[in-house]
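The following blocks contain the structures, represented as structure tokens.
Okay, so subunit A shows up in both of these, paired with subunit B first and subunit C after.
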Partner chain A sequence: MANFSGRRSARYLSILPAFLFLVLLSALPLFNLLALSFAEVSWSGGESQWSWVGLNNYMALGSDALFKAGILNTIILVVVATTAQVTIGLMLALACSRVGHRSRIYRTLFLLPILIPGIIIGAIWRLMYNYQFGVVNQILELVGLGPVDWLGSSSLALMSVIIVDIWHWTPFSFLLLLAAVEALPKDVSEAAQIDGASKWKEFRRISLPLLWPAIFTTFVFRAIIAFKVFDEVYLLTGGGPGTATEVISFTIYQRFFIQDNPGYGSAMSVTVIFIIAAVIAVAMTRQRSRSQ
Partner chain B sequence: MSTRSKQNLSVDRALLGFLFLAATLTIGPFLWIALASFKTQIALLMGTVKFTPVGMNYDEVLFGNTSTFARNFLNSILVASISTMAAMTIGFLAGYSLLRLRWPGWVVNLFLLWAVVFNLVPPVTLAGAWYELFRGIGLSNDTVALILAHTTLHLPMALWLLSSFLREIPRELEEAAFIDGASFVKTLWRVVIPIMTPGLVSTGILVFIFSWNEFPVALALTNNTSATVPVGIAKFAQENEIKYTQMAAASVLSAIPALLALMFGQRYIVKGLTAGAVK
Partner chain C sequence: MKLFSPIYRSAALSAMAALCLTTASVSYADQLAPINIVINQSPWLDGFAGLVDLYESETGNKVTLDVNPYAGSLEKQRNAVRSEQSEYDLLIVNGIFYPEMYHGGFLEPLKNIDPDFKLDPQIYTYDDTLCYDAVNKTVNCETGDLLTIPVNPNITLMFYRKDLYEQNGLKIPETWDELMANAKALHNPPEMIGMMQRSARATISITWDYWPYLISHGGSLFRDEGNGDFFVTINSPEARKALETYVAFSKEVGPENPASMEQGDLIQYLVTGRAAHAVLPAAAQSQMDDPNKSIVAGKIGYMTIPHAPGYPSAPALGHWLGGIPENIAQDHKLAALAFLDWFQKPETQIAYAEMGGSPVSAAAYESDFADKPENRYMLTMRTASPTARRLWTIPEGSEIVAVLEVGLNRVVAGEISVVDSLNGMAAEIEKIMVDAGYKTGRLPDLAN
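Right after this comes the complex of A and B.
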């Protein structure tokens, strides 16, 4: 392997660009974010002035109604939407694998929402939910139900956003779970059928345990993406009415860019990153102890 | 036996019905918005079912004096293609280096940890951090800033996917090329890249689409002249009098890359999406 050692420069050069991006554009800004969270920024003559305020920004989070609403709404959205997506996605995957030969068409159709910009999904549903001319109310009218103010009513708005998220991302869960369903060993279920096990029993006792790791992975994957929800909310409701659909990414965005309060926005960002890390760590340890 | 197979047949029918319903619900909204894009504002507001299709919405969106959409479209093509090429090149080199060039375990783990942690962080938090950084070095509202940000944003994904595809290539091929005296670059170019083409296409399509679709970072780092398509579309909704039908036309136009990818690269997209999640 003399040739390998002669390529030391290639070894360093090949990793250098990635290393630079890691340090300069992700580690450095994140450290900056951490530092900012202990400061208050003021502007004088085009120059930013940092003054250290200790833990003040973090203390203020506790009494911030928008932050609380943002966290709560995001958690509701993540739990409800992700559970629905994994459940419906699994049902679709099982159905699709059963009718095998036609699965390709469905797979193609279900890919579409995954590839469309989130902001377009928001635009489409904003039009469809429209009180006067939206197709959702038009269909309700056909069956004699009155127009519903999907996005303007504070009791319905979050549910309307969740419906859009379910519509948007169920195909992704379907795709991941279909791969797992298609990898199930055929002979085991055949053996169970010959032994006279009912379909449901076979599913509960054989398929489901085998699918469990894939279901868990899909759930975690979806939950991570759902927690970042921003695009659809931005166009659908803008966080309103009131704080009904305030999600945490939206709260952070407003502190940073609308109110121009980077210190406080940073403290919020850092807190959210810690919350996510903690949740993932707990989920991972529980999954590990479960599989042992 | 015959009752059993009859039962199976009706179960199959029910399953097909369920799939058909799901497919209709998935496609319906896209068809509705496509129809809306050919209506006049009045026809849409009246909820007319029968209407004469008009092309004026597209005309206005693409060539109208006040419309910035054509510019947004060019910006998006520029940002998505350059950042995709950058993320792929950097990710490929790093992935190859980490897998094949005997880095100590902690270096490999550092990069893997970065890729995982980076995906947990909401882009909005990074948008704030980047905004401060780029303002500090005089790149605020510049396309270069957005290209750098998008490259950073999608580099972990490119690294992760390309590594998983690289792992499937037998090492012996490269070693044979090394022994034959091929240079490092030549080995990559002539041996590794040709075998990896499907994996590269998968990664490339996904990174391009993700960059094209990305909204919060683009919103934070651009102004009127450097705005991308999603930012342009978001603006429709903020005007006093929303031009719904033009918003629909712009939405249809912005779905072009997704539709092209679906038509020509469906196989690769499935491969990339499942490889990214499962491995």
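Right after this comes the complex of A and C.
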């Protein structure tokens, strides 16, 4: 008995360093962020002055037009971009799995956008969207449709950012879904085909249900990453025109680092963390109940 | 004894003299600690870096430049002054963010470092932004201490096509209406855009270009900021007239996509020969006459920013100021001050101009160098520098500018009207001021 309990203690002791490491790197910064969200920091005489403001920072969020615009635009971007990325990624994965040994070339090509650093993507697309000489407008002008103010028009700017995000991140979905497609049991599909099922029917009734957990996981992963979108907006539009492309990470960045308002920026950050956590929790619960 | 023959005596004396000189230069260099300057990557950086090299070679003192993007430089400066000891001995602070350095007590008054230090009388004080009165919390050189020396003026000028003016017999405009008439005469889109101005939303973009309109129409952000009256007046009839004028230029003689125009776009339009006028900081002139970058080399002229009748021209200050952190050792403060003292000298300022920098002294703008045709922008700077106007003097400026950037950009983008924008911005700025504890208020809403 003593031996057993000793072994148990040893087991707990062995994970203690990892646990402390986790606390140090994750929990403490989060706790610090939470504490800061109830305070206001000002500077005088070279010294910082913290003042406790209770829930004031959180209350102010409700009347903050940029915060509201940031949340709304981020949700639009997450839903539209993630849906498109998973759909296109799945189509590419299915197509790639059927081209045999040449699929390696396609895989490499499809993965290229994800390998390019964000700053270069910003530069590439800024040039492509350029009103005067961008390649997109040049093509449109050839067919008598241009030029279009992709980044300066309030009605188009968010869509322009979403297109870049889709281009940038579809390879991520493609990669995850390709692994799932290639792991599909071949015998089930073959049996369905022998039984006379069409390709579409076989995909809808057999492949899609089998792929569903992978599709769901990809969607959740992508949605989490999309919620944190920053570089594309920062580089392409700076949140404008007006608030058309304001996204929540950009709003937080502005409050924290440019406006030097760490208390309020922390309240925004904590709120966003809660929103993301809640969305994930709901999604996971629904997925669990579905699979049961 | 041969050792003391004339030739050996002469050699020995030369060696002793050389040794003395070496020792002297070493001891001079030893007197001053090496200094570390944090600065942002700007079009004028090369000129400043050239000047630093000159300082090192002239004095033997060591200077290291830590060059960063705009936001990165700001962040490093904030971290440096808020730490136990700053890793930088000289901060090159932007004209938008200097108030937080002043109000926060982060910079050492220069006379505290050396009571005999004096600002060279030819250095521009740029609307008194070099001084801070810590007791009354106001930015002014009458009662305030000298905290910084300007490093770059970054004043906006009106760049225009001199050749087109001559061809069309146009006169240099004084007022906005006259400028509009000239711009209309030359506006022929898409080949030629009558007037280019920044209208995009950024850290500070459209605000900087709207400011001269606001001030030169008799408008203001606050009722009397210099005397501590922070009653919000951005929704005054004068501000409305200013914004309507600004928008008219965008709509009537601007490009088809004004809401996304940034400084880079303006320069691009000018150097490709597709803009008749553009509001740009003086430093952008370096790209105009370079035949490798511009097809309009020698064709660009410079004029002061126009104004409404009865008001003076009011180019906006986006200048850079050199300040010494309070939290560094005394020997580093002395070394940083020695650099600033050398920097402000008239001969240094002329050398700065010759290296392609933007001087901050009348000595440079009134020198023979300024009279050369290739330096013609300097003549305009001579007129514009004393009239340039600061933006704001309070640390809340970084929050206020965010409100202005969104509000003004939305008008140009056609999302909201001039009146709704001004009323909305006034309410938001009032809230910022209330939250920060100022005694404030705002004008009644403008009617549509």
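Here is the rule we go by: the second predicted complex is superposed on the first by the 266 of 292 C-alpha atoms of A that agree within 3 Å, B and C clash if a C-alpha of one lies under 4 Å from a C-alpha of the other, contacts with A are read in each partner's own complex, and residues count from 1 in each chain.
Here is the rule we use: a contact is a pair of C-beta atoms (placed from the backbone, for glycine too) under 8 Å apart; a residue touches a chain by one contact, two chains touch by 3 or more.
On a predicted model such as this, the values are computed, not experimentally measured, just so you know.
Look at A:Phe257: by the touch rule set out above, it reaches both subunit B and subunit C.
When both complexes are overlaid on chain A, the residue A:Ser160 reaches neither subunit B nor subunit C. Within the superposed three-chain model, A:Asn57 lies out of touch with both subunit B and subunit C [touch as defined at top]. With both structures placed on the common chain, the touch criterion links A:Thr82 to neither subunit B nor subunit C.
Of the two partners, subunit B and subunit C, it is B that touches more residues of subunit A.
Look at A:Asp149: by the touch rule set out above, it reaches subunit C but stays clear of subunit B. By the document's definition of touching, of the two partners only subunit C reaches A:Trp43; subunit B does not. On subunit A, the patch touched by subunit B and the patch touched by subunit C overlap at residues 132, 257.
The residues of subunit A lying in touch with subunit C in their complex are 43-48, 60, 65-66, 131-132, 147, 149, 151-154, 237-244, 254, 257-261. Within the complex, the subunit A residues that touch subunit B are 3-4, 7, 10-11, 14-15, 17-19, 21-22, 25-26, 28-30, 32-33, 36, 88, 91-92, 95-96, 98-99, 102, 105-120, 123-128, 130, 132-133, 135, 138, 167, 171-172, 175-176, 179-180, 214, 217-218, 221, 224, 227-228, 230-231, 234-235, 248-250, 252-253, 256-257, 262, 265-266, 269, 272-273, 276-277, 280. Of all residues in subunit C, those touching subunit A in their complex are 71, 74-75, 78, 81-82, 100, 103-106, 190, 200-203, 255-261, 268, 326-327, 395, 398-399, 402, 405-406, 409-410, 412-416, 428, 435.
The touching residues of subunit B, counted against subunit A in their complex, run 12, 15-16, 18-19, 22-23, 25-27, 29-30, 32-33, 36, 44-47, 89-91, 93-94, 96-98, 101-103, 107, 111, 114, 117-133, 148-149, 151-152, 155, 159, 178-179, 184-185, 209, 212-213, 215-216, 219-220, 229-230, 233-234, 236-237, 244, 247-248, 251, 254-255, 258, 261-262, 266, 269-270, 273-274, 277-278.
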